[in-house]
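Below, each structure is written out as structure tokens.
Each of the next two complexes has subunit A plus one other chain: subunit B in the first, subunit C in the second.
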Partner chain A sequence: MAAALPRSRERSRQISTRLTIGLFLLPALALYLVFVIAPVIQAAHFSLYKWNGLQPLTDFIGIKNYQVALANDAFRTAIANNLLIVVLSLGLQIPFSLGLAVLLNRRFPGRAVFRLLFFLPYVLSEAITGIVFRLMLQPGSLVDSALTSAGLGGWVQDWMGDETLVMFTLFVIISWKYFGFHMVLLLAGLQGIPHEIEEAALIDGAGRRQVFRYVTLPLIGPTLRVSVFLSMIGSLQLFDMVWVMTGGGPLHASNTMAISMFKAGFKATQMGYGSAQAVILFLFGLIVALAYQRFVLRRDTEGALTMSAG
Partner chain B sequence: MTSQRRVGGLVAVLAIILGACSSSATPSPSTAPPTTAPTTEASMAPESPSSEAMAPVTIEWWHITTADPGKTDFQNIADAYTAMHPNVTINITVLENEAFKTKLATQMQSGQVPDLFQSWGGGIMAAQADAGMLKDITSDIASWKDTINPGALSIYAYNGKQYGVPWDMGMIGFWYNKDLFSKAGIAAPPATWADLLTDVGKLKASGTAPLAIAGKDEWPSMHLWTYLVLRIGGGDTLQQMIQSGDWNTDACTKAGQAVLDLNALDPYQAGYKSATYNDEAAAVGNGKAAMELMGQWAPSVQMDQSADKQGLGDKLGWFPFPSVAGGAGAPTDGVGGGNGVAVGKDAPPEAIDFLKFFESADNANKLNTDNVGLSPVVGTSSSVTDPNLQMVAAGRDQATFMQLYLDQATSPAMGQAINDATIALFLGKSTPEKVCQAISDAAATQ
Partner chain C sequence: MTTQTSTLTRRARRLRIAGSPSIAATAAWIVLLMVAITILVPILYAVLGGFKTNGQLVANPVAIVPDPWVFTNYTSVLFGDNAGTFWREAANSLVVAVVAVGVTVTFASFAAFVFARFAFRGREAMFTLFVLGLLFPSAVAILPLYILIREIGLNGNLLGVALPEAAFALPLTIVILRPFFRSIPRELEDAARIDGCSSFAFFWRVLLPLARPALATVSILATVMTWNQFLLPLILLNGADQWTLPLGVMNFSTQYGQDQARVLAFTVIAILPAIAFYAFAERQLVSGLTAGSVKG
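Take a look at the complex of A and B:
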């Protein structure tokens, strides 16, 4: 009897704690279920039908929409383009941002101005960025005449109309828009590193390069990994800017999965087929996110996440 | 496929009707709705009991005429109607074209439809009708349907039922810069395809881009290809292809070949591969390109997109698509279309009565004089003031066959496939045979 009482009190305290957690989670959870989980399930459901979005869902065709999408050259181009942007972003954009962050972490006059200037493009919306660059890249417009007057007339290209060039044109603009964001993230990471550690390394005889490689880089690892993660997910979801600039053209050369999905669903009103593409895009994102969490971010989240059994 | 076949049938009917009657043969406008307020009310009275007429009614109307004077004209027409019928409120929602399409699709999925909304007829309207989203107004408009050009009206009919009415109907043709033509030494607009190719060569030699197209938006050049199919194969063959879904025909490959002949002259404006339709209009409006193949809205868009907002003014001319030697199609056959209003499934009788008022000669004349559209209301063509638009209206009224824009006559998926296939040809990345095969393949999966 004596032992039973504390145990039941303990249990009731546990229950009330869980109840409190549950109550606080409820609003966010409800929103998440209604606006994220439910639509995903709905899309998966639609994707099994041939459906124009107006009639009742009756024409069940199994996984045919997925087969058609994966066999479609334009959709394959879209997948390849998304992966190309992921690779280019990780290979060029992030290192560039890191380099700038390291430079701007030093003391020199006008540092704040540079930080501000580099961050500014991120403030613009993707659509506006797309429109501005579309105007600048028109044949004979700003970019072309600037090149010509600099004596580089031979460099002038059909920036958005050349099928092999268009993805690189887009990549440069995407990088222009997002490098400032990653730079600020990494800069924050750099500023979190205590000076003493770097000083200690210098006193111990390490060169600047060694300090960066063995001290700075590992210490901003968590920030860098988040930056890489955001960049990957953003590259997979690429839509607005490409839609405004090229619409996925010419001839699907700048297609992305999101553009292909939008065209199928809302232009051609093949809602079932569009949903199948949406599900494929979702799976890409999910797999990348889960794998990244599991293998790369694990050490950053260790101890911060409550494991199931506690 | 079924919806296409039906639409195809409709267009065939349209062709027969248009072929049968010129503007002088259409019923006299004595049946036109009375234009003064009291008589309009009187004519409405027998249809609805007075007690019902007094009950408050709200009409939801979505249109896409975002620019003035059209936007104001529409508002004024609604205001004039509600002034005569105080119990009626008309809620106008003005939406941009793309936003409208997306919003309407979402709205329809929830089973709600505006009472009146923008429509282009054809395949999309057919799909909406199949889904039970539209109201059959055949008998409601029976007393006044003869006031509207029958060809234009039939675009808004499907399976013999009327689901909407047109307020704008035109024909696609070449809009050209007279100054650039004369500078290139071209005395008169070309009457044959061979002449056109010669003139393209002359324009090119004079240092002007002869023809503007839009690689990003795809559809402008699709119309050029459609016209070639129509001129080479004739209206019946084109109908046959749309209905059967078999595009592997002589007319289709020859049309593709003609496009390649044009491509060989490198006739398009700088940056055409990634150009939007607005870029195309700007090229013509700024005098950078000598012509474009476009519908009745071309002058206003050119004006809007040109650097000085003036467009070409008097320098702008119009000529119908030239004939092709040995082709089965008549030079008076046309590709056209326009704007209309569809009626939603739950629309009150007042909404249809409003449409009758909307299509009155007075309102039609107002839309014509303001260049908002080319009204298909019979006997109103004379109020078109612009000489070029007068030519478009005459072309429409005298057409021996009228094909609704191919990407609207068919289902949206089919239209997308046709646009995708034909733009590849214009960008030099396809062959005539591949285009015909791609469209046939798309038709097979419908």
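Take a look at the complex of A and C:
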């Protein structure tokens, strides 16, 4: 009798704890499953059908949508364009952001103003930014007449209408909007490095370049990896800016996977075909995520091994 | 020992100064200044262009100062012909942002509380499920999302945009809140329990008030995310009377394609809230993003 009472009290406490966990998790979990996870799974399902989005889902065609997408020139251009933006971002935008972060990582008058200004484009809507740039880049508008009045009239181009140039134009504008974000991340990483470490290396006779390469760069490695990862995911799902500036044109020259998927789903009402493109986009994201995880995990185990060895 | 270190530090500083003559510092300054100008040009072009006539814009696009200054573009957007469009779209944006941020921060606080302060089977797996939301391109979900919203009858309804936006903002919000909730000392919770607090009372009366800075940070991040959302409203809203600002600006720029000065004025007024918000909350925004990503 005396032992039974605490036990039942213990049990009721356990039940109430479980109830709390369940009730607290339920809203977020339900919202997330319904509006994020389920649609992703459904995309995989839809992609196996020929479907206009209205009639019942009956016309099963297996992997045909994937075959059509991968054989389609416009979609192949889209994949190539997304990969081009990934490569340009990693090769130019991130090094540029890192360079600026290094410059801003010392005390000098005006530093706070520069940081505030460089980060500003990040909070602006990508679509609205695209519209302002579209107006500036129109033939005869600000960019063209600035070049002409600087005596560089020969440099004037059809910035958004030239098939070979349009992706590079878009890349410059994407960089305008996002370099400040990466710079702020990397600056936070740099500020986390104790000055003593770099100073010690300097005293030991290392040159500034060596200090950067062998001390600073490895120490901001984790931040740099996050920056690289976010940049890749962002480049893969590029939509807003391209949609307002070129709509994927001229012809398919600035197509991206998201643009192509959107057009298939809503302009041509081929929901099945569009979903197949969505799944291909997902797979690219998955490859990036897995590579990132693996890279990070390997680094972490390496660290653990060296630590146990030392 | 300390004197030795400080001598070393001083020597290092001297070395650094010797290694970087003022030429390098000047060069750095010039680079930063050029980047700053690059950032400012499009913004100033839009702001000043809004004070020009179309004639001025076409005749001399490089002219910096409007001559004469024209106020009708801005006044027509704020109080005149286009005021109805602008204020309706601003109100729509505000409704979506308030609902989406309210829902995501509330739900994420509940979830982060459980993830941070309870031990149960499947906790890490469930947390990973949310982290996955940060890892894949969200555009993947939009076609089925469109079908789903249509089926539950929320298409063309601002709520039908706000809920998915809240769902997309959940992962980042939970990932930032969890370590913060975790850092609140165990002793505090024990003390609250001894005083007879239930789990909910502890959460509500102790944890949330202590977490106010973190809640402000995630609210600001979620506001920026939802305020600028373009793709979801584009597919989920039906008509002009439901459009949010980014959609409205796109449409306005097509509708008034020949009236560039007015488009610029509309654009500037549409981004003004974001700029004001940034000026007001820059610190939290930066700290939130760096905390979220540096830990991720």
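The definition used in the following text is that the second predicted complex is superposed on the first by the 264 of 310 C-alpha atoms of A that agree within 3 Å, B and C clash if a C-alpha of one lies under 4 Å from a C-alpha of the other, contacts with A are read in each partner's own complex, and residues count from 1 in each chain.
The rule is simple: a contact is a pair of C-beta atoms (placed from the backbone, for glycine too) under 8 Å apart; a residue touches a chain by one contact, two chains touch by 3 or more.
Just so we're clear, the structure is a prediction, and the values are computed from it rather than from any experiment.
Judged by the touch definition given at the top, the superposed model places A:8 against neither subunit B nor subunit C.
By the touch criterion defined above, A:266 lies against subunit B and subunit C together after alignment on the C-alpha atoms of chain A.
Once the two complexes are laid over each other on the shared chain, residue contacts for A:27 go to subunit C alone; subunit B is not touched.
Comparing subunit C and subunit B on the residues of subunit A they touch gives the larger count to C. In the superposed pair of complexes, A:222 makes contact with subunit C only, with no contact to subunit B. Looking at the shared chain after the overlay, A:140 reaches both subunit B and subunit C. Contact with both subunit B and subunit C is seen for A:53 once the two complexes are overlaid on the shared chain. Of the two partner chains, subunit B is the only one that A:249 touches; subunit C does not reach it. When the shared chain is aligned, subunit C comes close enough to touch A:103, but subunit B does not. In the superposition on chain A, A:67 makes contact with neither subunit B nor subunit C.
Once both structures are placed on chain A, subunit A residues 53, 140, 266 are touched by subunit B and, in the other complex, by subunit C. Contact residues of subunit A toward subunit C in the complex are 16-18, 20-21, 24-25, 27-29, 31-32, 34-40, 42-43, 46, 53, 100, 103-104, 108, 110, 114, 116-121, 123-129, 131-136, 140-142, 144-146, 149, 176, 180-181, 184-185, 188-189, 192, 196, 199-200, 202-203, 208, 222-223, 226-227, 230, 233, 236-237, 239-240, 243-244, 257-258, 261-262, 265-266, 271, 274-275, 278-279, 281-282, 284-286, 289, 292. The touching residues of subunit C, counted against subunit A in their complex, run 8-9, 11-13, 15-16, 19-20, 25, 28-29, 31-32, 35-36, 38-43, 45-46, 49, 58, 60-62, 103, 106-108, 110-111, 113-114, 118, 120, 126, 129-130, 133, 135-148, 163-164, 166-168, 170-171, 174, 199-200, 203, 224, 227-228, 230-231, 234-235, 245-247, 249-250, 253, 260, 263-264, 267, 270-271, 274-275, 277-278, 282, 285-286, 289-290, 293-294, 296.
Of all the residues in subunit B, the ones that touch subunit A in their complex are 101-102, 105, 108-109, 124, 127-128, 130-131, 133, 215-218, 270-274, 279, 411-413, 415-417, 420, 423-424, 427, 429, 445.
Looking at the complex, you find that subunit A touches subunit B at residues 52-55, 68, 74, 138-140, 158, 160-163, 166, 245-247, 249-251, 263, 266-270.
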